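Comments concern the structure below.
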Amino acid sequence: MSFEAFLIQTGVNGLILGALYLLMAVGFTLVFGSLRVVNFAHGEFYMLGGFAAYFTTVTMGLPAIASIPLAFLFVAVLGLFCERAVFRPFRGDELNGMIASIGLALILQNGALMLFGPMPLAMPPFAEGLTRFGSIVIPTSRLLAIVISAAVLAIFYVVMMHTRVGRAVRAMVQDAEVASTFGIHPGLVYPLGFALGVGLAAVAGAVMAPLFSVSPFTGHTPLLKAFLVVVLGGLGSIPGAAIASLAVGLIESYTATFYGSLAADGLILLLAVIMLVMRPNGLLGRAMRVG
Amino acid sequence: MTAILEVSDLTMRFGGLTALDSLSFKVNDHETVGLIGPNGAGKTTAFNVISGVLAPTSGTVHYRGSAITGLPTHRIVRHGVVRTFQSTSVFAKASVLDNIVCGGFVNWETGFVSNLFNGAKTRATQAAARDRAMELIRLAGIEELAHSAAGELSYGHQKRLGLLVALAASPSLLLLDEPAAGLNAEESEELAEFIRSVKQQLQIAVLLVEHHIEMITSLCDRLIVLEYGRKIADGPVAEVRQDPRVVDAYLGVDDDDDA
Amino acid sequence: MKKNLAALVLGASLLTAAHAQAEDVLKLGAPFPLSGPGAAWGTAVLNGVKLAAKDVNEAGGLKVGDTTYKIEVVAYDDKYSASEEVTVVNRLLSVEGVKFFTGPIPSAGLLAVQPMLKKADAVAITLAFTSKAIGPDYPGIFRVSITSHEMAQPQVNWLIKNVGVKKVVGLFENDETGHAMEADTATAYKKAGATYSSEFFERGTVDFVSLLTRVLFKDIDAIELSGMSPTTSGLIIKQARELGFTGKIVRTGGPATQEIVHVAGKEAAEGIVVHAPINPYDEQMAAFIARYEGEYGAGMNGFAPFFYDGTRMMLKAMQDAGTVEDPIAVRDAMAALSEYEGVLGKVSWVGEETYGINRQISVPFYIAEIRDGKEKVVATCNVIVCE
Amino acid sequence: MSELQQTNPVPATAKWKIPQEFLTAKSATYCALFLPLAALPLLIDSSFVYHIAILVCLNAIITSGLGVIVRVDQLSLAHGAFAGIGAYASALAVIKLGVPFLLSLVLAALAAGVAAVLLGRLVLGLKGVYFVLATFAFNELFRMIMLLLPEISGGTNGLSNIPAAEIAGLEISSKPGFYIFIALALAATLLVVWMILRSPIGRAFDAISGNLPLAQASGIPPRRYQILAFTSGSVIAGVGGGIMAAYVGFISPESFTFWFSVNTIIMLIVGGRYSIMGPVLGALLLTPLPEVLRSTGQLQQIIYGVCLIAILRFMPGGVSGLIDRFAELMSGRK
């Protein structure tokens, strides 16, 4: 493999990584946007999405493609319940809301540990083998994962732009007070926004479950990656998350390939801290309304 | 009558909107100046720039000769320029006495070490601060409220407490942000009386942003009128009230003077 | 109300400890990784120890001097983390009052608790790969598995000769075990004349595309997985095949065949050459595997029999020493055991020249190839050569 | 951030230090509660109870550091990292430089303090959620840096056999010895925190968290006092880390992860973030839980999570809030 092909291959790996991180991050930024809550349990909903996909395909024997909508549905309903039980009392109180989400993360992770046990579970991949584009190789299972993510994001875009629910959630993301003057009832939109956000995290979990394995511990890395993408892209900004996730994917792929994954993670974390300090609103985020 | 506050060519732009357009004015020692004008004229913006909440786009603010443009609020307080807040703003969970003691923070800031070990110096400055606070409480006639929590006071009392907290910082120029807001005629007259007596006893200058004509006429020596961020009048109260441009600015509201 | 709640909580746990003492029970401490990447090994060796305890209990308990003891295995999850290991061993020593340990097995975890075990003169069996695991200043620690130090050279020589491996890259986890294995494996390949280089990655990584892209760029003909944790090696094999790597994959480290087939699938695992600590077709071993799988389900990991024999030897040493109170006597009795008839065949201790003390188990080991998801033994080895 | 106080229903415990006579009723209650408890381990004299008591004191010290930070309305998710910085500084000083134990704790405090000032100056301008996110990133960054410097930190293997603590040559690694040392260390920490909070510095802290704009209008420089609170809290965590290294004898980057900071937050909130004794109560109630529920580790974590949410929702003042109210009733006030 020539050096140019190697560079392009690393770039392609980076884009694939970016697309996967986007799916993880868009739910996180939606929850923050609509609920003004940094959800530390986001990784746990990703993990539960993975388990939902495992049970639909392996235990219930349904086709792999069916696991995506079912994972979304199962976790979205769980999300509705969690929003009602945990987040509603802290609406408008971001700090306590965040601490509550840490408590929720503990409950969900250890609940899964008790139910499913610690052993990583492997799943049959969406597809076997690989696809070649000239000298560039893309594992077919990852290519399919990207196609599915693209489809899910397209559906999500349509829902947000062209349905009543979508417009209501988007209005709430823009400015909660103004939105409520237009008769958008926060009591309805907050749980929907949260359920939509964690449902997306579950889809990311379901898409990535066959690539890696599923276990109660798989939630922490996606939470960290979603957090980095959202901080760089701007809290509450979905286009910002899109740009930032591709950037993080590329930076991580090149740095990891040349200097090792630890250096890559360290570099991106450093970028996040610098962005937080220099531009707390990130690339395209809205200014946090101060006081 | 030496000028203590000098504002020159103060301009403030928020994106496309020009809130202040090269505004200049002075406030002399022991003088009470009213800053008035219709809504959106830039009164509060000017007030926030002088008190350090906003840094101006251009122009300067000098106090007693030294530049205080763009300094953070807590540094401007040290120069003697102290502000109050339009809505009541108190330390809700602390007692009235503790509120005023904290208001005088600039006076009792002693060394870190002596603070930590409650050294003699700290105990002395704290005692002095408490005495000064009791003095102000007696001045305002609310001795019986000294130990109740500030959050539980009536609206009028909280307004008065806000004033005392500002006075505790021993200002030479007091910036009052709509003191009469939310008060009925009788309460605002009472407050005006209190401000007049305090100004008399403590020999301080006052810059007042206000809508209530009665409060302005009863307190101010001089008026500065703003419209769309520009100064359209600056002079003694009687003279300014006749000035046609001021009358137009208030949309031809003729001066019925019977309030 | 607050005070008695706290007292109640403390009192309750004291009660449980006291109750166990009354009925002549001998406790074996079992700190193993029961969750996280090392769980496959942890559960396997724990089952090995439990099976040994079960056999002894069913044969009427352990007769030492004039008392018979019922063996109780006290297992805790060290989550394959060194700091958790310290907490768990601390609890076993101070609360359960245990003097005889099976485990800890991760190298980092063992190093962290060696001083504690030494202060309590505890006797422990381990399979930690690090060369610092056993030594004259930790006489109570016995290693019941063979490490890359013993098995790397013979296996690599055989691979170079019979499988025609020339350009190799070795992948290792970035921890004590990984570094220990890397040292032995690198010397073995270089001595055998292969062009060799190593790569490290963080334990718990699941996405190896970046690492494998760099490795494949070096155009090599074989990847060495050495002794990394089982699930991780399954992921690497699957992702390497998915990136178009058609070369040989070998694993000269600990057993992981079940997990490799389970995670990477039969097809990707086909033809992989692995180290096999046991020969499943040896009839004594086959009987043990049948009993183990009857008790704990299919897919026995190769380390289990090592801990079965290790536990039986420790219990035998207690009988020889005639005491359970004096761990030093038991330790010496255990060291004195030689040609012990175990499931693994004749077992004795070596290691005087390399480690300065005879605490390293010496048993035959094998090389196998995965065919249709099963291990097929292709060579038998000892510390010098494999045929 | 300052509107935080207004939104959740805080009980009438005046966070503000009310003059002397009220203090004695409350402190009397706490002394009646804690002095016998402190003596309990010495009476029972079992190594397990010492082990638990030492962990309770250790958690109480580190959590009371977080209590100082929360005093200015800033929540730090980097408390684990500062405990780690202290632990490594102290352990390396003892191992590599042969520094005596107490001096190594001073070095731990210095290291944590310098790091806190640097981070504080960098991020304290951020408001609410952004500040917490920055500390979350810092904690992950600390672990990353430690893994990238194996020569210093020992990488994933960490630093093992850290010499046992000794003071003036007298080794105190025996359980009773160490317990007495750490109990005194806890008492010293609470004394320092009490001195800070009842001094003018504490008044400034309460003013900043009570009403930031008014505090500024009274001449209080917010950044300086926020950094002061953040640094003193982190220094306490650093010292706690140093003591932990000596007791456990082993530290690794995995000992100071995000979940270490989470446990500290839970103990502070359950115990009560508005009172100096809150962290001690939180540590006392939650530390024995993992030891008692040892076998079902997951159940313990779930109980942690449920406690956190329940206390946040129904008892923002935490357990010490209850005791304060009980003390108020006792003193006939209310």
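The chains carry the letters A, B, C and D, assigned in the order they are written, with residues numbered from 1 in each.
Here, contacts are C-beta pairs under 8 Å (C-beta built on N, C-alpha and C of every residue); 3 or more make two chains touch, one makes a residue touch a chain.
Chain-to-protein mapping (UniProt): B = Lipopolysaccharide export system ATP-binding protein LptB; C = Leucine-specific-binding protein; D = Leucine/isoleucine/valine transporter permease subunit.
Everything numeric here is computed off the predicted structure, so don't read it as measured data.
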Check: graph minus chain D resolves to A, C | B
Common contacts of chain A and chain D, by label, are C
By Cα centroids, which chain is closest to the centre of the whole protein? D
Where the CA atoms of chain C average out and where those of chain D average out, how many Å apart are those spots? 39
Measure off the straight-line distance from the CA centroid of chain A to the CA centroid of chain C, and report it in whole Å. 37
Could you tell me the distance, in whole angstrom, between the mean C-alpha positions of chain A and chain B? 50
Junction residues of chain A - those touching two or more other chains: 113, 262
Note the residues in chain C that touch 2 or more other chains, in rising order. 77, 174, 202
Give the residues of chain D that touch two or more other chains, as numbers and ranges in rising order. 147, 213, 297
Applying that definition of touch, give me each pair of chains that meets it. A-C, A-D, B-D, C-D
Sort out for me which residues of chain A touch chain D in the complex. 38, 86, 89-90, 92-96, 98-100, 102-107, 109-111, 113-114, 220, 224, 227, 231, 235, 262-263, 265-266, 269-270, 272-273, 276-277, 280, 288, 290-291
For chain B, which residues are in contact with chain D within the complex? 51, 72-75, 77-78, 82-85, 89-95, 98, 101-106, 108-110, 112, 115-118, 122, 126, 149, 165-166, 168-169
Please name which positions on chain C make contact with chain A in the complex. 34-37, 39-40, 43, 77, 174, 200-202, 204-207, 209-211, 213-214, 216-217, 219, 231, 234-235, 238-239, 242-244, 262-263, 265, 267
Quick check: in the complex, which residue numbers of chain C touch chain D? 2-3, 6-7, 9-10, 12-14, 17, 76-77, 81-83, 86-87, 90-91, 94-95, 107-108, 111-116, 174-176, 202-203
Contacting residues of chain D [partner chain C, same complex]: 33, 36-37, 40, 44, 46-49, 51-52, 147, 155-158, 160-161, 248-252, 254-255, 281, 284-285, 288, 291-292, 294-295, 297, 319, 323
